[in-house]
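Heads up: the structure comes next, in structure tokens.
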Amino acid sequence: MTEVAVVGAAGYAGAEAVRLVLGHPRLSLTAVTSAADEGKTVSAVYPSLAGMTDLVYSAPNVDEIAAEAKVALLAVPHTAALELVPGLLERGVTVIDLSADYRLADAAVYEAWYDTAHSSPELLAEAVFGLPELDRSRLPGARLVACPGCYPTATTLAALPALESGVAIGRRLVVDAKSGVSGAGRGLSASTHFVSVNESIAPYKVGGTHRHTPEIEQALSTAAGRSISVIFTPHLVPMSRGLLSTVYVDVEEGFTTAEAVELYRGRYHKEPFVHVYGAGEMPSTGDVRGSNRAAIGVAVDERTHTLVAACAIDNLVKGAAGQAIQCLNAVLGYSETEGFERPGPVV
Amino acid sequence: MTEVAVVGAAGYAGAEAVRLVLGHPRLSLTAVTSAADEGKTVSAVYPSLAGMTDLVYSAPNVDEIAAEAKVALLAVPHTAALELVPGLLERGVTVIDLSADYRLADAAVYEAWYDTAHSSPELLAEAVFGLPELDRSRLPGARLVACPGCYPTATTLAALPALESGVAIGRRLVVDAKSGVSGAGRGLSASTHFVSVNESIAPYKVGGTHRHTPEIEQALSTAAGRSISVIFTPHLVPMSRGLLSTVYVDVEEGFTTAEAVELYRGRYHKEPFVHVYGAGEMPSTGDVRGSNRAAIGVAVDERTHTLVAACAIDNLVKGAAGQAIQCLNAVLGYSETEGFERPGPVV
Amino acid sequence: MTEVAVVGAAGYAGAEAVRLVLGHPRLSLTAVTSAADEGKTVSAVYPSLAGMTDLVYSAPNVDEIAAEAKVALLAVPHTAALELVPGLLERGVTVIDLSADYRLADAAVYEAWYDTAHSSPELLAEAVFGLPELDRSRLPGARLVACPGCYPTATTLAALPALESGVAIGRRLVVDAKSGVSGAGRGLSASTHFVSVNESIAPYKVGGTHRHTPEIEQALSTAAGRSISVIFTPHLVPMSRGLLSTVYVDVEEGFTTAEAVELYRGRYHKEPFVHVYGAGEMPSTGDVRGSNRAAIGVAVDERTHTLVAACAIDNLVKGAAGQAIQCLNAVLGYSETEGFERPGPVV
Amino acid sequence: MTEVAVVGAAGYAGAEAVRLVLGHPRLSLTAVTSAADEGKTVSAVYPSLAGMTDLVYSAPNVDEIAAEAKVALLAVPHTAALELVPGLLERGVTVIDLSADYRLADAAVYEAWYDTAHSSPELLAEAVFGLPELDRSRLPGARLVACPGCYPTATTLAALPALESGVAIGRRLVVDAKSGVSGAGRGLSASTHFVSVNESIAPYKVGGTHRHTPEIEQALSTAAGRSISVIFTPHLVPMSRGLLSTVYVDVEEGFTTAEAVELYRGRYHKEPFVHVYGAGEMPSTGDVRGSNRAAIGVAVDERTHTLVAACAIDNLVKGAAGQAIQCLNAVLGYSETEGFERPGPVV
């Protein structure tokens, strides 16, 4: 058993990480932290976890975490990880970070998009980008894994085979993505009030202003082996969970849907968490609710030579906590599927 | 490993049973049947089960089921079980029945409410009512278990301690219950069209006409040791899963909320799947989404000497497939909690 | 044209009042106030009103309101009306009050339930309870109308014919009511976060603690001509608008559904805003979305001698702003249906 | 008063047309037809219209329609209009057609996309495309108006100023659109079951296969004055009403969001039903619920030289019945805003 602390465990992604650690046969949960909910039991905040753990939220403290845990799973806002990661690494704690702080290889890009200085740029080279389907080679034994956000995960998986194979031509992709409301976090705001969200869909941060943009471009450029730009538009959808990224990729005239399906299936057939649909089939986010899987549909608009790929994930699982556990499995030398054997509710 | 076939496995409750059998460490799934979806894979109908099983729906056939399975879990409409159960028992198959066909001890009551003859009344005395919290004594080794419906389960758990203890006075209870749409089944009807259900709540089968009424009365009368009548009003709520039963019980003047909480906690503290909330707290169906737990809140309106108890369950788990597995565990001598160790999604 | 100011016009009920005044052929809107949204245009806060008015929210000021308006429609929290009403009346402004401050005839009851002193108890005798279907005789020319809350409106309409006629026996009713989230207001709280509410139903303020209780009892006692108590349980439902009250009334043995329908239709057939459904039919809140109508279904459980009546309203229209306009029409001597001629969206 | 019959009045768009005709000061409703619901009252099918009309659905009959109505508003599936329109025109009835049958100028394109022969191609030249904001010059006095579908309406309004002005370069646009479930109609299918749709988003008809594609291309090519192709992907969103089209347009380097907002506001400032948002603001479908308005937000991704425009409409109003009435107003020489003076519910 490997001891794990979940830091930022009262947010939705953190709580989902708590659930996954509790259900994992080779991990044990030693601590949960939350500055805002310090002193409360986990089940007081998440009644659905009643009976599963007696842990009480404590304020995050590097020494206390290191005293009991081999691994810290961080589900904190950006800049909060900057304050914790160096101390955790110094104390020998492996860090799986869900924040944005160590995802971008170039500190200058981070500073431009997050409008803040990066206090430990020397760790960026060591940080492993935690998307196993893109590159899992550096995960075994890694000390610091920076898992991509929900939008970059779905978008990269949707575009990866087309970019990697050279089927995608050009340097620019349209990415139109749609997220459930849990992606906006547990904090209160007018935009997450039930009456505001319900029965309505809206784009937000339009025109290339969402902070996941450079992360998406970094991952896609890695896949393509050349610089790729995206026009990325996120939308908020009236549902609690789920994320769909619809990606538009220019291809050569004559490339067909059948070839695209074959390409994607070839690329992903060994991936335990990626499921490529047949020609004419498209995923819904309901297909992956509560699951770590990504479901991908692909079609080519032969009139306009455009490949359209749609990837559905659960934003809190493959888009956050599940991916963290998948990466942690790889770090520890476990099978990546460990802890994901049991299906979630069917509807 | 005990071999299990799920009959009627393409409906919501049946599919949830498939999920639970697949995730159970001591059960193995040998067959799934569905007349309507014969020939399709489970994951074609339920993409959320992709990668979990390769089974294909077959038409239900007693000989084929008996050839491979020790246990048949029936998630079929009423009267369909009548056609299967005698043959399965003859062939030595243990039956856990989610239909209404063997729940009522008195064949005449069945015939009156279901407007059809009962073709195997001789089995009613043997059939064990599958609500372990009410009475688990006859479950070990039982050949035929008739699990109660979703409304009777939540309602009985809500009223049980008050009736059993004698705190409830009178012979009549008001039961106002609210169910998510999956309770109406996967069949198509105007009343389950998204646009009809969404943003709307409505009562249905008002005035004591819902067929769960005699089942509720049978269970409550058992608990009370005297004949109990209910005025039962079900409502359809715009959500996929979840069921809440709010029960109104006359009590003696002077009985307090604190006493009620103590009574309920005392009655249920050894029950692994029942969680009694503290004074001033009430359950939401979200608290038990995907879980086999029942969450109960209780308060006494001291002005009117009425105990109000609300019980929230997931209609497809504790209200159907989860209860079936809990009962099956008891039949087989396993711990009732076997297969339920891992929490479901937190929101 | 009668000039109207809407005070508290940035909340949901206030904004709905703005909409109704704007659409009314004999009312003109002179001012909208909101302490929190002062300086914003109405359409900045409610984009759905874009193009309908150029008014800007001002801070509420009695002198400014009185300078331009003959009528002030108050959609403010309790105690806020206490501060405004005496000054408005002194300045000759007619007040239609949606707050709780002048609904209860007895100041001591108000003080007990709202835990605050009543600063103008001398106005309570003058204040007219604004439920025209219960008693419209005092509305014409009234200076101060106190409209009932959403729960009391639906509940009173559901029980009124049974109480008034003497069909209801006993002194106690069970009232199980269900409201959409707009009833909780536009303020931010954990309980109105989309992810908390969505896919979940829950009771709240159980055990006779909701402040609408005395208002319901006052109205029902008026109808019955004797003291009536209620056991009232409100529930929060995952929908934006709509309220359903299900009421359980003891009746004599032998009273039938057909008689109940006839009783209700007889009582309400002249009411323009009350629609009684036929035997076997029940209303959904979707039936009255955006409308000032109340839809009522009634059935008798002849086994238990209980009349079950369900009344569906739109909590923001018949439960708030629509009722205010209906009352204002009566005060001004207009037809009560003035301004309600056009139907709202069909689904 | 102009007499209007609504043909296909039991579908969602038809019923919304009924509502709008009933609320229109210069139109009177003479007949409602529905083959499926013949003999039922309108309010039996749409309880929200109770009290607004006593009309009963009849089977559609050209002679009967012509006997009473000057105008027939057709809300029928494609090919059904082919059977009705010639006869109606012969009898002197003006036709406002919401079906696809007369939208495409070229019969061969119709036949290719709808896989059926066009039986009255001679009427195509006369049919006026009913999108007033694109071209209203031929509407006054027109005998046959073919209103565009919901997706073409929102998409054309989103792209029009960029194409017409020459700001858009290239010949290809990405159109990523999202619709509420009422767009799928009142018919029953697995894909509109509440449990399928709820808590899930999915693309459908991906790869340029949706039949609205040629209509969008025809409208955009008209606007641009050159041939325009679209890659169009529709999505189904868990909400009853509302449609959002997000359009991606290549522009020259250096074109800014401020210039785009100015361009759009200049183009639309005289349009009563188009509302262009300021820089940094984006519409939600909730902003236009129940309204005939289109709300448009525009932003330029200056890094990639892409203009992103999002247009929100109510699919049943500006995307169907409202647009039909707007066009009818223009045909009859009324103000286009006639009948739309009153705002709908604010949330």
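Annotations for the structure displayed:
First chain written, first letter: the chains are A, B, C and D, and each begins at residue 1.
As a convention for this text, a contact is a pair of C-beta atoms (placed from the backbone, for glycine too) under 8 Å apart; a residue touches a chain by one contact, two chains touch by 3 or more.
For clarity, every value in this text was computed on a predicted model and none was experimentally measured.
If you take subunit A and subunit C together, the chains in touch with both are B, D. Among the remaining chains, A is positioned farthest from subunit C, on the basis of C-alpha centroids.
Between the interfaces C-D and A-D, more contacting C-beta pairs are found at A-D. Centre-to-centre separation of subunit A and subunit D, using mean CA positions: 38 Å.
Residue numbers of subunit B whose C-beta contacts span two or more other chains: 12, 182, 195-196, 198-199, 238-241, 283-284, 286-287, 289, 347. The touching residues of subunit C, counted against subunit A in their complex, run 12, 181-182, 186, 188-190, 192-199, 238-240. Per the touch definition, subunit B reaches subunit A in the complex via residues 12, 15-16, 18-19, 22-23, 46-52, 182, 198-199, 240-241, 272, 275, 283-284, 286-291, 293, 295, 314, 316-317, 341-347. On the subunit C side of its complex with subunit B, the touching residues are 172, 174, 176, 178, 180, 195-196, 198-204, 206-209, 229-231, 233, 235, 237-242, 244, 246, 248, 257, 282-287, 289, 297, 299-304, 306, 308, 310, 312, 347.
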